[in-house]
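Labels for the chains are A, B, C, D, E and F, by order of writing; each one numbers its residues from 1.
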Amino acid sequence: MHLRVILPVIGNALLDSVRAEAAAWAAPGTEVDVVSLARGPASIESEYDEALAAPGILDRVREAAADGVDGVFVTCFADPAVPAAREIVDVPVVGGFEPAVLTALGLGERVGIVTVRPNVLPMLHGLFRRYGLAERLGAIRVVDIPVLGLDDHDALVDRIHAQAADAVARREADVIVLGCTGMLGVARAVQDRLEKDGAYVPVVDPTAAAVTWLERADRLGLRASRTTYMPPPAKERVA
Amino acid sequence: MHLRVILPVIGNALLDSVRAEAAAWAAPGTEVDVVSLARGPASIESEYDEALAAPGILDRVREAAADGVDGVFVTCFADPAVPAAREIVDVPVVGGFEPAVLTALGLGERVGIVTVRPNVLPMLHGLFRRYGLAERLGAIRVVDIPVLGLDDHDALVDRIHAQAADAVARREADVIVLGCTGMLGVARAVQDRLEKDGAYVPVVDPTAAAVTWLERADRLGLRASRTTYMPPPAKERVA
Amino acid sequence: MHLRVILPVIGNALLDSVRAEAAAWAAPGTEVDVVSLARGPASIESEYDEALAAPGILDRVREAAADGVDGVFVTCFADPAVPAAREIVDVPVVGGFEPAVLTALGLGERVGIVTVRPNVLPMLHGLFRRYGLAERLGAIRVVDIPVLGLDDHDALVDRIHAQAADAVARREADVIVLGCTGMLGVARAVQDRLEKDGAYVPVVDPTAAAVTWLERADRLGLRASRTTYMPPPAKERVA
Amino acid sequence: MHLRVILPVIGNALLDSVRAEAAAWAAPGTEVDVVSLARGPASIESEYDEALAAPGILDRVREAAADGVDGVFVTCFADPAVPAAREIVDVPVVGGFEPAVLTALGLGERVGIVTVRPNVLPMLHGLFRRYGLAERLGAIRVVDIPVLGLDDHDALVDRIHAQAADAVARREADVIVLGCTGMLGVARAVQDRLEKDGAYVPVVDPTAAAVTWLERADRLGLRASRTTYMPPPAKERVA
Amino acid sequence: MHLRVILPVIGNALLDSVRAEAAAWAAPGTEVDVVSLARGPASIESEYDEALAAPGILDRVREAAADGVDGVFVTCFADPAVPAAREIVDVPVVGGFEPAVLTALGLGERVGIVTVRPNVLPMLHGLFRRYGLAERLGAIRVVDIPVLGLDDHDALVDRIHAQAADAVARREADVIVLGCTGMLGVARAVQDRLEKDGAYVPVVDPTAAAVTWLERADRLGLRASRTTYMPPPAKERVA
Amino acid sequence: MHLRVILPVIGNALLDSVRAEAAAWAAPGTEVDVVSLARGPASIESEYDEALAAPGILDRVREAAADGVDGVFVTCFADPAVPAAREIVDVPVVGGFEPAVLTALGLGERVGIVTVRPNVLPMLHGLFRRYGLAERLGAIRVVDIPVLGLDDHDALVDRIHAQAADAVARREADVIVLGCTGMLGVARAVQDRLEKDGAYVPVVDPTAAAVTWLERADRLGLRASRTTYMPPPAKERVA
C-alpha cells in the first residue's frame, strides 16, 4: 500500500519528522511519502490558515491520485479541505480529526481533546457539531504553546498531562485525543502518566490513528460515499 | 453606510444583476459596490468550489476593510470563508446562510430550504449542525437546475414553488429560505403563490436578508466576537 | 414606519424612559409610541407575572393592529403572549428574546445571558429549548437585583460586567445578551469594560435588537408564518 | 384525597361529563369536584385561547389551594398556566400533557400524539421541546374536528383510530397519547382496534393519566420543586 | 393487586427490609411479596453484575407471570433485564430508573441523581441517553459507599445531603433522585435538610416511585407496547 | 496477533462459516479461532436473547483473556455483554455495532442500517441513542428474514439491496451498514448493485469491520478506558 501524507503548510523543515512518525506507525508493507505545500501558511492555527491552505492541499490531493496512491492523510487536526478532496478523487482521504475521534468513541464514554492554542477552539467545537458527535465531547483543553514551538518534548508532555489529568479528575474525559498533529511522539508518555495517576485512560495520537485508519480502509476496500461527496460539475476554475 | 458585496466567483457577467438586486434592498443612504474574484471558480456548487474560492474571497475582504467599508456580504449561501474573514478584519462580514436562516427562525416553527443542486445538500446539512440550528430544520429541497442556468425567471419560480408547496403541505416547512444567492428576484412571486395555495408562508431572499442584516449591524454597532474569531497569529503565508 | 412598544406592566412611571430608549435606537423615519397595560402586574419576574400580563398585552396588540402600526414590540425578555399575538394580527410582533438571541447567534459561538433575578432562570432555559436553540446557550447568569430597582446605572453596569466577565473567562460566553429589557442604556458600557479585559465581546441590548429587527422586517415585507400561527377559530371568549 | 379539576373554559355545559370521567378514574377515597372559569375562552384551540384562559385558571388555582385540596388538574392538554400555578401554590398542579406523556415514555419507544386541530401543532411541538422530550416524539397527528364537536363517540373513535393505526404502521408510534382532554371515553376503544390490527399498542387517556398522577403524588408526598418554581416577588398586580 | 418485587441478587439477607419498605409504600389493598435470585451477583454495581443477574431475573419474571401477579418491580436502579422481561410477559415490569426519573421530570427542571459508587456512572449516563432524557439531566453525584454498606442510616443521609445540596447550590439539580434502590428510608430526611437549606427540593425514592407506578399502571390498565417489546421468536435456548 | 471470535449462541453449526469469513478478512499474521456458547440462545433476535446470552459470553471472554488472546470479537450486531466484558478483562473487546458504525461515520453523512427482523429495531435505535450517535442515523430497514434462514445468498442480496436502494433514493442513507453479523459475504454484491443504480455507496460488513478494528487496536496499543469500564468490586457471584 502506498500512503501519501500531505503536510498542509509551506516549507520543508518538518518533512523528516512527519515522515519518520508516519512510517513508524505504518505496517511493514506500507510505502509512506510526505509532501508539503507550494502555497499556504507556515502552520494552521486559525480558520484563516485553514482557508489559505485549502487550494494548495487540493493540488497535492490531485497529484496523489494521479500518482496512484492508496490513501491520503492531510496531517492537520482540523480536517482542512477533506470534504472537498473527497469530491475530486476516489482514493480515501482523511485529516487528523475523524480517524482519531471515531477511534476514541470506541474506547470510552467522554472524549477529551487537548490542543495547542485557544484560536482553534471554536473551529473544533464546530467540527464536533458538524460531524454530529458533540453529545460525546467532554472537554477541549488548551496547552497554549504555538504550533511551531512544539519541539520541547518534556515540556509538551508536562503540559498535555496537566490538562488531561485535570479533565479526567473532573470526570470530563475518559479518552484523550491529542488535538494537533504536530504533537508528535508524546501520546504514550502522557498515557503512562495518567495511568500512574490511578486509572488507564487511552491517549489517541492523531497521526497513528490516521495512518492505520487508511491502511484499514484499503484492506476493507471502502472509500467515501458518492452521495455525500458528489463529483463537482465541470466549469472554469482559476485557482 | 458603505456596503461591499463580494461575488465569490471569477468573471464579471453577473456583477450588474447582483449590484442591482443588492441596491434594490439597500436603504437610501447605503452605498453598494460589488466585486468578483481574481481567482476562484465560475460558480459555487460543491465543497471543492467553496475551498477554491476562499483565498480569493479573503483577498477581497482585506481590500474591503482597507477601503473602509462598513459591511461585507459574501454573496453565496454556503457562507464560504466567512469565519476566516471575521478573524482577519473588524468590519462585519456575512454570507447568505446566517442572515437568512436566523431571520427565518423568527418567522415560523420549521425552516425549509429550497436550493439548486443536490451536490450542496451535505454541505447545507453540515452548516445547520455546525451552527447548532438543526432542531428547527424541516427539509432541504432541490430544484436541480445548474447555478449558471438560473436566469429563466418563470421556470425558476415554478420549480421553487413546486418544492416549497410540497414541503408546506407535508408540514415540513413553515418558512421558506431560498438556498442560493443566485435565485434573484423570485422570493415574492413564490410567496404569493404559496399564499394562494392556502396560507401565508414567508419566503426569505438571502440577498435581501444579508443586505439589511449588515445595515442593522452597522446601526447597532455590533461586530463578531473576538473570543470566537481570534486574530490569527503572525506567520509566513504564501497564498 | 410606525412602531408600537407595549410595556407589559401596569403604571406609567417607565413610559418616558422606555420611549426615549426605543426612539434613540429607531431610524429617523420611524414613529415610536409606547403604551402600558390596563391590567397586569407591575413588573414581570415570574411565569405568574407573564401569565397575568398576557390578556392585557393582547388587548394592546389588537389596538395596535387597529391603529395600523407596522410593528409591535412587547418589551419584556420572556416574549410574553408573543405567539398568541401572532395568531390574532398580521402585523409583525416580537418580544425581547427572539431578536436579541437570533442577533447574538450571528456574532459568536456561545451565547451568554445576564438577567435580573433567579426566578426567571427556568423560564429562560425553557425558552431556549422551546426555540430549539439550546445547543448554543453557554450560560445564564443573574445579577440579583429586582426589576424595579434597575435604575442605579453604575451599580448595574458593575454587576452585569462582573457576571459577563466571569462567563467569558470560563469560555461559557462569546456574546452577551442582556436578559431583561429593563436594563436600559448599559450595554455599551459593559461591552467597553469587557474589551478592556482583553477581547471584544459584543453585548446585545434587547431593546435595540427588537426596534431594529422590526424596522428590518418592515423593509423586507416579512411577517410571521400562518402555518405556525394559525388564526384562532371564532368562538365566545370572556377576557 | 380531595381533587379539584379546573375546566379552563367558560360555561358549565361540559362540567357534568368531565366530573363523571374524572370520578370514574379516581380511587374510591378520592373526592372530585370540577369548576369552570369565570373568564376565558369557550375552548382552547390556539396559543391565543391559552393566553386568555391563564388568569381565570390562576384564580381557580388559588381558590383550590385556599379550599385545601390535595391536587389540581387543569384539564387541557396544553398545560395552560401550569408553571405559573406551581409558583403561587404548594399543592400539586398538573395539566393534561405532562402526566400523559411521562406515562407514555414508560410504555414504549416512540410516542405518537393524536390531537384535534392543526392550530395546536406548533404549540405541542413547542411543549415537547420545552420539556426536553422531543427525542422520543414520533408523530403528532390531527383528526381535524373542532373541540366543541367531539361528542360523536363513534366518529371520534374512527378518526383517532385511522390516524393512530397509520402512525403505528409507519413505525412512527409505539404508544398513542390522546392529545386533547376533550376526547373523553374513547381511549380503550381505540386501543382495542389497534390490537385487532396486529399488536397491543397502549393508548393513554390524559384525564385518566392526570387524575391518577395526582393521587400518586399525594401518596408520595411530592410536589413541585421550589428552585424551578420560585414564589413570585410581592408587587402590585391588576388582573 | 398483587405486586412481586424481584431483588436481583442472590441471598436472603435483604428480603425483609425490602419487603417492609415496599409494603410501606403500597396501597392498603396491595399484596407485596419479594423474591431474590437463585443465580446472580450479591449486589449490582457494574455492567458485569447487571449482565450476570439478567437470566436469574428473567426466571423470576416468568414465575411472577405464571403466578398471576399484576406488576413486577425489579428493585435495581439500572433497570436490569427490564426490556427483555417486557418481551416475554404481558404483566407490567419496571426497574428503579424509569418510574423515579419520569416522576422527577414532572417535578422540576433539572434532575440530579445521587448514587453509590462511580462504577455505575457510565451505565447511568448511558441509560439517560438511551431513554432520550439526557437533556434534562443536571448532574450525577456519587456518595462512594459500597452498596452492601448502606445500612448506616445517619451517615448515608449526611453523604447524600452533602452531594444533593452542592448540586442544588450550583443550580445543577431541581429534583433529586436517589440513584440506588438500596438507599432505603432516607429520601424524606434528605428532603427535609434540603428544605432547611433554603428551598423545597423534592427527593424521589425509587422504591416508592416504582411501587406506586405499578399500582397506577394496574388501575389504568396499561402495559408495555408490543411494537416496542415484540415477543421473541420461538427457538432453542439453554440458560 | 491472536483473535478470538465468540459466536454468542449455542450449537456448532455456524462455526465453520464464521471462522472462514473472519479469517478471510484477517491480516496474514492473524490467528483466528471461533467458539460458541455453552449456554445461551440459538440466535439473537430480541432483548431477551441478548440477556440470556450474556453470562455465556462473559465465560468465553474470561477464557479468551486467560488464553492470552489479543482481541475478542463478539459476533453479534447488538454488542451483547460488551460493556460488561470490558470491565472484567484488559484485552480489547468489540461487538458488531461499534466498529461498523464508527467506520461508516467516516464514509458519508447519513448511516443506513439494513437488519433482519423488526424485533431488534427498538434495541438498535436504543444503541444509537446510548452511543450518542443518533444525529447521524438516517434509517433502519428490515429484510424480515429469520436470522437462522440467512443462507440463501441471492435472495438475501436481493432483499438487502431493495431496502438499501430505497433508503438511498429517499436520501435517508449515504452509507449502508449490514445490521446483522449473520449476513455473511453479501456486502460487496449489494455495494456493486447500488453503484450500478447510479452512485457509489459504501456497504460496511460488520465482521470485516470488527476483525480489522481489533487488528488496528492491537497495532495502536489501545484498549478500553478504565474510567468508563471500571473493574467490578469483588463479591460473591453465582452464575
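What we mean here is this: a residue touches a chain if its C-beta (ideal position, glycine included) is under 8 Å from a C-beta of that chain, and two chains touch if they have at least 3 such contacts.
Predicted model, so just to flag it, every value in this text is computed and none were measured.
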| item | value |
| --- | --- |
| Set of chains adjacent to subunit A and to subunit D | B, C, E, F |
| Minimal step count in the chain contact network, subunit A to subunit F | 1 |
| Centroid spacing, where centroids are CA-atom means, of subunit A and subunit C in whole angstrom | 43 |
| Between subunit B and subunit A, distance of the C-alpha-averaged centres to the nearest whole Å | 30 |
| Touching two or more other chains - residue numbers and ranges from subunit A | 109, 122, 126, 129, 131-132, 135, 171, 174, 228-230 |
| Interchain contacts (touch definition) - all pairs | A-B, A-C, A-E, A-F, B-C, B-D, B-F, C-D, C-E, D-E, D-F, E-F |
| Parts of subunit E lying in touch with subunit C, wherever the complex brings them together | 109, 135, 171, 174 |
| List of subunit C residues in touch with subunit D within their complex | 10-11, 38-43, 45-52, 54-55, 58, 81, 83-84, 87-88, 117-119, 122-123, 126-127, 129-132, 146, 148, 228-230, 232-233, 235-239 |
| Footprint of subunit D on subunit E - complex, ascending | 25, 27, 94, 98-99, 102-103, 105-110, 131-133, 135-136, 168, 171, 174-175, 188, 199-202, 204, 208-209, 212-213, 215-216, 219-230 |
| Touching residues (chain side subunit F, partner subunit D) in the complex | 121-122, 125-126, 129, 134 |
